[in-house]
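So, here's a batch of structures to check.
Okay, so subunit A shows up in both of these, paired with subunit B first and subunit C after.
Showing the complex of A and B:
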């Protein structure tokens, strides 16, 4: 679990994480926001389905893959939060869209 | 809007990339810099131009100092593209980059690759559990979001960064439950001989001592020479355990500490995927236990038009990286006919001197903090490839079946075939093979990288 040590009250955005509305500091990554919102895992692996949380926070490990605004397999540590963003856990491999 | 070609294209806006850009631009070179973060600074000076006063106080003056270089970089006259993802690079120096959801191909007369370092994987039992992160990740959360761990926290590993993070957490008022030092027993003592060489960089040594003292004064339990470290838990981290270690002079065995967060670290290694993609020659550094990119004194790789500088070629630290970036910037300016040989010599003299001073600490650090082989080559049950969930045992089995190198192991097991493309397993796989077959690392080689070097959608690709 992580917490913020600064008062961000003046500068926050509203996002929806796993269907639940949250206010989080602006200018942080989605991965940071997911940790702040207390998610137990941000994804389930495609191989064995176990949960993972962000690991490296710098874009190299790909353990923070999430579905952001409906787009699957996004590295949550490389995407900044924005107003009205929808963030969901990535469950297994991404599904193909029907054409 | 990015142009089709530049005289100089720099990838990475950390100390080395920023310094190379400032230097080359000052001599009239047409420069563009691509970086994947939202603001310049690299990992070391991440977010430095937006950090709050309280954050600066916690992170310290070595961090705040980065602001000077960032400010200079912003005014250097080069074109800077933030949040740019390089997904293609080949031996012809063609760069494929994704900016604002659009893909471009850019070419350049000279290329500087300044892609910095990543943390060395620390494959211990349970390192994939939620609640286990790298120390670098902890520091990134502090720098970029003012966030710190809550609950029971354990820091474990070896190297300067774990100590720095411990110190910064103490400044932030974060109490942690233990510092578990995996530096091999006696490594410090064996490295004392290198202290004399390190004297020109005595400031580094004093900083290290100050941090060690602060941890001791805070009354944090410190365990030294720890062996058999592992993370324990079902669905998430519940405890950190180790087989043996020392608390002061007292021997500790089979120790288990309850924990909500475990931050791991065992040094940093060059993030050399782009040089590898460009076909630059690499070699195994037995002291640092990682691949390095072969360069000359100007940072020029085996391809004379590609310079690889900073921690992305060989771990040398922020200050040395910036100086190496400057040297590359000068040499490129000379090569492009912007300055003559006399000016190059006059400009580079003092920079080389300073560069050597900053490098003088390295033999001591490298010798002191070489990770224990036990933490580099894990036992059979430990996961090596986090993406495809392949254990060390499965890799050894593939070698027994006849695989002779990491790329064959990849084909047999899918190890390194996942989205991270081997960033977390490549060196471990090669080390396992090297040990099992008794072959030197240079012969074993490493997992190849292939485009796309970063994920890109078909839609984004179709725009090129």
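Showing the complex of A and C:
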């Protein structure tokens, strides 16, 4: 569904999304990477469990919360990808043990 | 006469009173403030609380216990009528003590609470070991906690929403964005002037929070109101870790954690102050260390409506029969009593002797 503009694809990094290795442009956010990798949803809400995707892409809607390098509830649109990053869907509320 | 009763103020107090009045009267109206009004109802902590309240004023201890006992039925009825989930729970509540002096003081206060209610207020003091069994994440610095099974909590915004749905269903006429400029009694009815328009009614009930002092003067009542700021913050959602609300930390029905609070004399300023917020956050972390790593999503200030002794005022105007004032800072806990006995008292159908204890004459001795 999403295509990268060629210039942007010049440098890439390897990240793991939901346990699967991907190469993605080095200068994009985790939310953009999740969309590029074709995730159907990046999280399930704590209240109703419905699946959600990034929406505003600028840090205000909190709909792109993901677990990044083990840290729960990160706004994926506000974090840039980095080599060897681990990205997982945020399923419901975080456990307090995760903090 | 346009209305049987006009309630001035549409926060938790005014909407609960109007909800109760609408069961006795056909024509009830609420004149509410606007978006710029100070709204304690939209900034509070959501406790339905008994322990510690009225420890130095027996009528208030009895009043809070009565309200707390009315809450399960009130919540069920309001929830059923409106289809709104109030997230009301009455699993009991706690107050943490972080040193021996706090523990001793807490014990002393709650013993008085129990005495004032003839033993009907029930509580226990949980030492650190007993607390650990209930809350394994608690800091070793916490000496213990007081616990009462009669305490509970609710989502305060859902409560306000449900009360407004409830009054709407009862055909209460709700008029927002109002500023009452005059009120007088003429020929057996009240004429209230608001935004240049006249409203007439047989009774008026002042539930305007900080505005009650000014409004009271118009109908011969001297209602002393003291403003006090409290600051609160709220975290991201986390899985349930705290089954009991406490005065310092409360996990809401949707997983966020509310952290409070402060008691500040800063006048009509409902802003936030990072120095105070830091102290509040540090206290919460001293109780639950893992909270240091949980992110906050919002912080806010709200103004409590206090009286000189901190206890509520229920007053009938002697000079202008038919005018009533309800002033309190505990609009959540007392909502059940405002929608029931207080509305009946205004309707002349409830003569609970406790009402005589809450008049303003206690300030004018």
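Heads up, the rule we're going with is that the second predicted complex is superposed on the first by the 93 of 99 C-alpha atoms of A that agree within 3 Å, B and C clash if a C-alpha of one lies under 4 Å from a C-alpha of the other, contacts with A are read in each partner's own complex, and residues count from 1 in each chain.
By our rule, a residue touches a chain if its C-beta (ideal position, glycine included) is under 8 Å from a C-beta of that chain, and two chains touch if they have at least 3 such contacts.
Bear in mind the structure is a predicted one, so any value in this text is a computation, not a measurement.
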Query raised in the report: subunit B versus subunit C on the shared subunit A, clash or fit?
Result: clash
Report task. Applying the touch criterion given at the start, work out whether A:36 contacts subunit B, subunit C, both or neither, answering first, second, both or neither. Result -> first
Report task. Once the structures are superposed on A, label A:47 by its partner contacts, choosing first (subunit B), second (subunit C), both or neither. Result -> both
Query raised in the report: For A:56, is the partner it touches subunit B (first), subunit C (second), both, or none of the two (neither)?
Result: first
**Report entry** Which of subunit B and subunit C A:20 touches, first, second, both or neither
**Finding:** neither
Requested in this report: Check whether A:94 is in contact with subunit B, with subunit C, with both or with neither, and answer first, second, both or neither.
Outcome: second
Query raised in the report: Is A:10 in contact with subunit B, with subunit C, with both, or with neither (first, second, both, neither)?
Result: neither
Query raised in the report: Should A:73 be classified as contacting the first partner (subunit B), the second (subunit C), both, or neither?
Result: both
Requested in this report: In the superposed model, identify the part of subunit C that clashes with subunit B, out of 153-161, 279-287 or 315-323.
Outcome: 153-161
Query raised in the report: Which subunit A residues are contacted by subunit C in one complex and by subunit B in the other?
Result: 47, 62, 73
Query - subunit C-facing residues of subunit A, complex - result: 46-47, 62, 73, 92-97, 99
Report task. Note which residues of subunit C are touching subunit A in the complex, please. Result -> 137, 236-239, 241, 254-255, 290, 293-295, 297
**Report entry** In the complex with subunit B, residue positions of subunit A that touch it
**Finding:** 1-6, 8, 25, 27-29, 32, 35-36, 40-41, 45, 47-48, 50-63, 65, 73, 75, 77-78, 80
Requested in this report: Under the touch definition given earlier, write down the residues of subunit B that touch subunit A in their complex.
Outcome: 36, 38, 43, 50, 52, 54-55, 118-119, 128, 130-134, 136-137, 140-141, 144-151, 172-173, 235-236, 260-261, 271, 386-389, 418-420, 423-424, 455
